[in-house]
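Chains here go by letter, A, B, C and D, matching the order in which they are written, and residues are numbered from 1 within each.
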Amino acid sequence: MQASPRTAPDADVGRLLVSCEDGPGIVAAVSAFLHARGANILQSDQDTTDPVGGRFFLRVVFRMPDLMTWLPALDEEFAGEVAEPFGMWFRLRAAAVPTRVAVFVSRYDHCLLDLLWRQRRGDLPADIVQVVSNHPDLQKEVAGFDVPYAHIPVTKDTKAEAERQQAELIAGRVDLVVLARYMQVLSGDFLERIGVPAINIHHSFLPAFAGAGPYEQARTRGVKLVGATAHYVTEVLDEGPIIEQDVARISHRESLVDITRRGADVERTVLARAVSWHCQDRVLLDGQTTIVF
Amino acid sequence: MQASPRTAPDADVGRLLVSCEDGPGIVAAVSAFLHARGANILQSDQDTTDPVGGRFFLRVVFRMPDLMTWLPALDEEFAGEVAEPFGMWFRLRAAAVPTRVAVFVSRYDHCLLDLLWRQRRGDLPADIVQVVSNHPDLQKEVAGFDVPYAHIPVTKDTKAEAERQQAELIAGRVDLVVLARYMQVLSGDFLERIGVPAINIHHSFLPAFAGAGPYEQARTRGVKLVGATAHYVTEVLDEGPIIEQDVARISHRESLVDITRRGADVERTVLARAVSWHCQDRVLLDGQTTIVF
Amino acid sequence: MQASPRTAPDADVGRLLVSCEDGPGIVAAVSAFLHARGANILQSDQDTTDPVGGRFFLRVVFRMPDLMTWLPALDEEFAGEVAEPFGMWFRLRAAAVPTRVAVFVSRYDHCLLDLLWRQRRGDLPADIVQVVSNHPDLQKEVAGFDVPYAHIPVTKDTKAEAERQQAELIAGRVDLVVLARYMQVLSGDFLERIGVPAINIHHSFLPAFAGAGPYEQARTRGVKLVGATAHYVTEVLDEGPIIEQDVARISHRESLVDITRRGADVERTVLARAVSWHCQDRVLLDGQTTIVF
Amino acid sequence: MQASPRTAPDADVGRLLVSCEDGPGIVAAVSAFLHARGANILQSDQDTTDPVGGRFFLRVVFRMPDLMTWLPALDEEFAGEVAEPFGMWFRLRAAAVPTRVAVFVSRYDHCLLDLLWRQRRGDLPADIVQVVSNHPDLQKEVAGFDVPYAHIPVTKDTKAEAERQQAELIAGRVDLVVLARYMQVLSGDFLERIGVPAINIHHSFLPAFAGAGPYEQARTRGVKLVGATAHYVTEVLDEGPIIEQDVARISHRESLVDITRRGADVERTVLARAVSWHCQDRVLLDGQTTIVF
């Protein structure tokens, strides 16, 4: 159960994400560790990709008195006592601390505005601290939300320098980058430099209709559903692990404008869900796949 | 409004499909033609792809006393008085006469059985007169529905001869061929010889995951929706005009078996809808696109 | 096909809505009327509720040179030559003239803001000319959209007087009232005085969970889908003809806050669709039912 | 992960369901119990209704060598060592043992046939051992599936005696009763006598349109979605905890026959999902709500 975002979040609630090779005793070890420290498990989800020799994934939400005080020690002890013996990757966080987000955008405003509106309404467990754009168009719109807007133009010649500026601007200030219809491909170099995950919204139902003019492509083929895909960004364009997808039904009655609008509605909803889930530590990576708890 | 398929269909109800270049006066001419013969229009749908110089599509359902008697004359008069002056393609049919269908199938039974069940329940405005398969597996199952089952094996070497046998078997006996998970590609030659449309169900959400193992492909990419696409068959594999699509939501909790099952449920529903709509004369072709009224 | 709202709308496109008792010759008469005046029909939808003695519904989109100039004469001639002989209700409009809308709201902002955003983006074929609220909360938010905000408090004692003020404020200035989570019941008197239709969004899947706390009710019953219903307002609370509905899937994992958020997303999408369709003259009334073309 | 139903199920896989008042140490105790016996946890889902003083729900899938041999002892030890100290309700089962099901039906065949087909295809983790009907209509149909069909007529006068016969027929032979459009209300007496859960499919989107003629009711109100609800049967008609729901979109174009068909498609899909989930021990009761893992 999530505490209401409009009421003060519970400072004693923590979240633990774990992935490792499957084997006996993992849940018992994690449970014993938390139990011994007086933590009460509120929610727990677990999955194994293959009963024999697969990978193991766990998300635990727990309450522990004075969590904020104990978190650094808890992290260190868990690393030594549990994570190391089992060869685990893990992340331990206080649920009350919002994820800091930079939103990259070009000219289409619907995804960016939807995120800003949701944050203002308390509907997004995130803190949008910076908007970055290669165009000045949305500056005024963003100003109304009291979020800094950095206009960093990008041309073929200035791309490397622009990425350097972008990385410098957000370095150490954000936990997540969201590409809200940002029409530039990010270099692998940039992704490495920022060192935090990036989520992209693809304006189509991947892997169908990759490339330019997806709604036009879709209309020409007579498709009856348009969709959107939110995925983690990897160096290979539009090929990262998928977090969420959805579709909307269209008909021959609808013009390209109507279809694009329908698509935009799906895009912003899908992106908002993907960002929310990431910020709630619900998404785990399994190679090219995601586990969404 | 459709008459109930469980009650006797109304023998006086006719359906007219029209497509031509758009221009003034088409609807007026068609309406006047029907009105002058005492026909009352029950339902009418119309679409123009482009206000300037586009194509025009019309579906009219009407009631006319003694339709069955007058149909041949009506067809001839419409051709001369309306279709020719406007350069129209048209089709005029009595709604009470069911479409005769041959179903082609390999080993997967779910789409075939769903069509047979729906026909038996009176839920499909079609008459399945022949099942054709390159495997003997489903013979017994089909026998229970009193539909003839032709087992015509197909190998690389015998394909041309097999297609000749298939075409001969159904020649003049069917108005539609349905590929209900038939795992052989039909040659352009065969399609031409049978001279009736063919509908295929694609076990995936086209154009994504074409080729083998679509659900496995989908699972590996972490997709959150599986889908199915029903389309008219053209010589280019899996590229014909799309009639209907749908999706079902899946999660990491589901195994490949679960996902395949979910996919099969979507496949049979989507195919049944596409076949029904075709048999109700609801589908018109516009190049690679369909108009579904 | 709709012209793009971002390009100038085509001033020669008109829309005609018709409903009357069914009978022969209606379509022929309407078509002949338009054809004789040089109008070209772009889109036409027609429905008959019952082949025998039912009601007839028609929506025609047409292009006619100099429509704006001829519209008053066209209206008068159609009334005399076609509508009267057939006992028709009809509405004839220029598509380029946007519907003028007053939005009534209380404290929840999501539906109102979604409508304002869509209008600003050119996605709503409407002109929001006034916001009316019984609370001052959203004044600042609305100011950013340059739409006047009238704060008219309503108590049990002042309700009649408040409604009088509201009606006076919008009299002659609007073609549609939208209740975007307005938490006051409008009197039949008020509805009559304003003389234009009103659309309401119901925060639930009608007729289920009418009354207070619908999401809480739904959660207690373990429902797996939450929904929203947009309908025309009648004197009987929450019982007017339904224009659009949709649902979103929920699970036991989601708290009441999560479910309410999901519901809010459905509410704003459903309301925006209903308002758009009304403003595009796509919705016809058939007693307690709507025909949505 | 579910093993494929077409391959032999893994005899070493067990499932444990637990519910009790929440408190610290539950997961640790369950994990330690299984770990100590060499069981490896494959999947684990957990939920707490309220962080403070709520109820706790757990589903664990595990593999344990020679499970079938140890199951009785395991059950007894778990009862004594874990369940009793924590005041737990629990159920421990071998996944390879299919749930035995009796299907009750009247005249509508779609839900019954869908279950029989799925079972034959290996898609239902259940063993349908008996069909019971108050009508003889579907006898021949069911015979083709080699399942015994008991025709037990029910009138107002004979109801008590009919229920006695029904209960006697299935006593000790089934783990679940499925009402697949059985048009008789079961008495609380009967439910108590059979001592196993019963699942019903409601031909509508509960709680809307309860009572007779739901699709007709829906059509009259102009609803745009029809749905179905699968729920556990309680003495209060149509009020039991909901397991699954779904909807399909309809339009004014569709007749009552079309809508009923759409509804029937939703009904059989929703019922099949609910029965599958129950048989996979995915459904836990929380008062009037269900937790579906």
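The working rule: a residue touches a chain if its C-beta (ideal position, glycine included) is under 8 Å from a C-beta of that chain, and two chains touch if they have at least 3 such contacts.
Since the structure is predicted, the reported quantities are computational estimates derived from the model, not experimental observations.
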Going through A-B, A-C or A-D one by one, find the pair whose contacts repeat those of C-D for over half of the pairs by residue number.
-> A-B
Maximum centroid distance from subunit B, chain identifier (CA atoms) = A
Roughly how many whole angstrom separate the Cα centroids of subunit B and subunit D?
-> 36
Interface hub residues of subunit A, defined as touching at least two other chains | 1, 43, 47, 253
Should the pattern of chain-chain touching be classed as line, ring, star, complete or other?
-> complete
Contact residues on subunit A for subunit D in the complex?
-> 1, 10, 13, 22-28, 31-32, 34-35, 38-51, 54, 63, 249
Counting only contacts in the complex, subunit A reaches subunit C at residues 1-6, 43, 109-110, 113, 117, 121, 123, 144, 253-255, 257-258, 261, 264-265, 269
Which residues of subunit C touch subunit D in the complex?
-> 47, 205-209, 219-225, 227, 241-242, 244-247, 251-253, 286, 288-292
